[in-house]
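Next come two complexes built around chain A: one with chain B, the other with chain C.
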Partner chain A sequence: MIDILISGLLLSGTYALVAMGLNLQYGVARIMNLANGEVLVLGALAAFWLYTTSQVSPLLTVILVIPVSFTGNWIIYRFLLTPLVKRSKTQGALEVDSILATFGLSFIIIGIIVSIEGGFFAYKYLSEPIRILGSTTSLNRLLAFLVAALIGVALYLWLNFSRPGVAVRAVAVSTEASGLVGINVPRVSAIAFALGGTITAVGGALISTFITLDASMGVVFTLKALIIVIMGGVGEIRGSIIAAGILGVVETGVATLVDPGLTLASAYLIFVLILLFRPQGLFGKHTT
Partner chain B sequence: MIRRSVLALASAVILATTSAFAEGVIKLGAISPKTGPLAGGAVVTQWPNIQLWVEQVNAVGGLNVGGEMMTIDLIEYDDKTNPGEHIKLAQRLATQDKVDFVVAPYGTGFNIASAPIYGKFGYPMIAVSAITDKVDELTGRYPNLFFTLGTTTAFVEGVKSILMEQRDAGAIGNEIAMVNVADAFGIELADKARELFTAEGFKIVYDKSYPLGTPDLSPVMKGAKDSGAKAFIAWSYPPDSFGLAEQAIIEDLDVNVYYSAVATSFPAFSNAFGSKINNVLGAGGTNVDDPKIAEYREAHLKITGKVADYWASANTYAALQILEQAIVGAATLDREVVTQYIKDNTFDTVMGDLNFKNNFSNTFWSVGQWQDGVFRGVKGSNVDGAVDVRLKDGWK
Partner chain C sequence: MKRSNWQELIWAAVITILAAFWPMLANGYWLGIGVDVMMYVALATSWVLFSGPTHYISLASAAFFGVGGFIVGTGMSDYGTSFWSMLALSAVVGAILAALIGLATLRLSGVYFVIFTLGLAEMIRNLVSWVQNNFLGSRGLYVLTDFSDEHLFWMLLVTSCSIYLVGWIISRSRLGFAMRIIGGNETVARHVGINTSMAKVILFTTTGLFGAIVGAIIAPRWSYIEPNQVFSPQLSFFVVIMALLGGSGRLWGPVVGVIPFLLIWNWVDANFPNQSILVLGLAFLLIVYALPNGFVGRIEDLHNKMKRHS
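And then the complex of A and B:
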């Protein structure tokens, strides 16, 4: 039982890392970013590449990744996505446009990744056993969990108790209204998008220490992130964290008690149930 | 009307001159994944060997086809690990690029899916990365299709004989923990293993499958550990072969026999885990002490910059050598003649002398083991140099 809880919570940390970035991008900047998983793999590639070519610790890579991915994502938003935001008349139109644009973007990123490393990003870092309350787990998963928790708490505090954070939440609620009260909506959106991409890339660098990735695996993470964001409620960081927690614990529980073959099925079952009974997500507010 | 016939004449002349220029060149088509789920394996096993062989052949001036030296012109496409895409590209290779020969695709499913289209154009297909028990049925239907890497049963038999030997030696009991990836290859192998293992009196005390791409395999490994079995068998794919090994290290899985299937033989596996995976068994194997293999591996590293994997790399290269010797031996680019030549002759390759009986080459490694940084063959069919199996002794 303790095993399930601990392994499950650690898996939740991984899921939270995957989902929090997309939540900011989708919830605030209103970009349904299908290249989210590819950005994650790019972060993983950075960690792998620096570790295998020049023995740079993935922890240091995480710090290096922050400015690079923030700038990169900001540029993507500013030059690739802003024109879409400007020309779209409705939220629906922007969603369709951004899905198409970022879908294309995902192929470009895959191309870049393949040109650097077409095979598996196989390396291990902090792959050491550690015992927590009598349950064995690995140090790298624990580290990813702690960073996820740190990012989650920091984001929550920033969004709820700081002035720029409130602006971000205001944009998440309504772009028109927040524009009327003097918030620089394009700027806040760009920051939210860049921050989201940064969290995703950091997550990728951390995840690569315990999951062997390759260029093709982005889509797997995009799908997981989507499920978690929609389960938790779009634009709700708390929701994403709770949803990641539920998914992680349930998947581990099912794998241990029932059958590992049913983990995916159980994840999608919860997703369907939440969509049926709380379509706005666990913490989402009714849009009408 | 006149204008049109002039145009037609002009284009005919252009065509004639270009094909005159094209003489002395053998067009070789290769379609395999460079992106998508199978790309990680194809960039290790498939693509580097094609590059190596083409560069080597062209470096000596090409192939001697009936007295004329012809160089290889390689046309390569990425099928994105999508069978539909592969078929489209195969059509393009045959009708637009008009290639003379093709390299068989990467992956069992892709070889089977594309056999009709390559067969329609008469290309001999020397499949390597394709393992199935339906060899007879498939080669009966597609007489141009050849298999070189063994059958599902042969792979399970290899593992079974190790288990029986170790049971007789007292290293393991009757109990086995077995897991498989819930995908075609994993399911087929696990089904076969269930049948063959239980027939020998083994009890599979932990028998579970997990979905492809499972992010956390710790529940699987904890379950296998709790079963207390001294033998762990995983019919796994690349990402999970890595994931299972990592969890085995974390859980300090106490077994004497540890086997994981695909990608265990990749140099990346050893690079990632170092000495911790010493004595891990896996699908494949090679005999690095064979001078031909040693020479091949050296050339592979020099020309492609990558260490060859310890399994299908050598077979992939051998398949290209067979094609090379068949073209030279048949002294023609006529595909029908070359195909017949492949069926009728024995070929001198890095895998030794290979020949086909009912389109099946019965020379391959089935199980190998990491022994002090080298993945050596321990079980195989008609191969020399198998070493003794060692027991897994901790994960240090």
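And then the complex of A and C:
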């Protein structure tokens, strides 16, 4: 029982990070990004590729990934998604367009990944066992959790106690009103989108140290991140963290007690319960 | 009752009769393509039935399709039932599944629905594999019938026509009128007293029903069925691309999208198998940026322009 709790919570650290990334993209930039999981897999590919070809530590890769993915995601937002934002008359139309466009993007990214590495991203990094509270886990899981927590806290502080962070939160509340008080909404949206993508890619590099990924696995992560965001409430960072904890523990529980093949089904079960009883999320305000 | 409505129906009938002769003209490879085309025409038309007026992107086609194929497989292989009774059963199960999904997600905004359908086929595949491994003990299922490709082609043609007819009847009914208002502005629809979620659930149920029927009809073609094969998520993406490429504003739009996309896809897949997924991505981007209303939208634009000039 304690095993499930500990490995579930360790797993949820990276889940929470990825969900925060998606939350920035959907909550602030208003883009439902279905290519989120593929960006995560790209981060994982970078960690795998640098480690196997030139023995670069995944921790160093995390730092290298930041500028690259920030620029990449900024370009995507600026040139691929801004035309859609300008064209759409309603939020609904933008949602349909952004879903289709990021969907296309996800397949293109998969195509690129497959041409670099078609198989599994399998490598061993810090896979020594360690004991926490009498339960055995591996060092890489703990490390990934700590790094994720560090980034999460930094993001939280930045959003709450810095001027640009407040601007980002203002845009999340209302694009019109923040435009009126002199916030450059397109700029803030682009930054939020790029930042969200960067966090996701970092999460991918971290996850790759303890889960073996391949090109086709992005969609599962997109789905989990979306479920976490909805469960926690759109735009709620704290909600995402708690929701990620719930998902991580439930998934690990189902995988160890019932069958590892049913993790996705357990995520769906949580999703259905949320949709039926609290569609605004555990911590969301009632708006829908 | 507008005259153009009847005109459209007559055109549909003429095309159907012409299409029915295809198995006599073609055999082997081209008959196989014909079956593929008919299968996607049926799936994409039933997709448009729901997603056309509501603008909700459904990625559930593979789930319904898989359920249909799987029920036929299980019934005929493990319980020795007839194909026709399983076909009827899969229609019922597909409809119930769609109704349940609809009741859970369609009361809320469209995003929840898209997300829910995104992993649905994969989730059902996991569940089915789990049940098979732990309780049924067999993984592969045999579907042995004396249907050949031309029989499947005609059955799918009949299915496509039924979907079209159902759509045609709905569009002229109270439900169709309600859907057009919902598509225009959902808040307005709710204020004039339309039960919007119920209307959407009913429409989605028909999509699920037909999706399962198509899956059931295709099952004999494989003769050996595995969950990994019938619940392929790629099918859902294909259906969305073909329907949008043709144009989801008209019920006959998908027919225009299916044929060119399938031909291009087969060519790319045969010549550049590693790049085929890129084509899928590019097709989505093409739809969003260049053809927001599909081929049909383009044709109608040109038609209107010519009318104004003359």
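Everything that follows uses one rule, which is that the second predicted complex is superposed on the first by the 272 of 288 C-alpha atoms of A that agree within 3 Å, B and C clash if a C-alpha of one lies under 4 Å from a C-alpha of the other, contacts with A are read in each partner's own complex, and residues count from 1 in each chain.
Going forward, contacts are C-beta pairs under 8 Å (C-beta built on N, C-alpha and C of every residue); 3 or more make two chains touch, one makes a residue touch a chain.
Only a predicted model underlies this, so the values are computations on that prediction, with no experimental measurement involved.
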Contacts of A:M32 with chain B and chain C, given as first, second, both or neither: second
Touched partner set for A:F271, first chain B, second chain C, both or neither: second
Which of chain B and chain C A:D259 touches, first, second, both or neither: both
Chain B versus chain C as contact partner of A:S240, first or second or both or neither: neither
Chain B versus chain C as contact partner of A:I99, first or second or both or neither: second
Touched partner set for A:D3, first chain B, second chain C, both or neither: first
Which of chain B and chain C A:P83 touches, first, second, both or neither: second
Which of chain B and chain C A:T198 touches, first, second, both or neither: neither
Which of chain B and chain C A:V114 touches, first, second, both or neither: both
Overlapping contact positions on chain A, where the chain C interface meets the chain B interface: 110-111, 114, 220, 259, 261, 264
Partner chain A, residues of chain B touching it in the complex: 34-37, 39-40, 43-44, 47, 81, 179, 182, 208-211, 213-220, 222-223, 238-239, 242-243, 246, 249-252, 263, 266, 268-269, 271-273
Contact footprint of chain B on chain A as seen in their complex: 3-4, 7, 10-11, 14, 52, 110-111, 114, 118-120, 122-124, 127-129, 136-138, 141, 210-217, 220, 251-252, 255-256, 259-261, 263-264
For the chain C and chain A complex, residues of the former touching the latter: 55, 57, 104-105, 107-112, 114-116, 118-120, 122-123, 126-127, 129-130, 133-134, 233, 237, 244, 274-275, 277-278, 280-285, 287-289, 292
Chain C-facing residues of chain A, complex: 32, 34, 83-84, 92-93, 95-97, 99-101, 103-111, 114-115, 219-220, 222-223, 226-227, 230, 259, 261-262, 264-265, 268, 271-272, 275-276, 279, 288
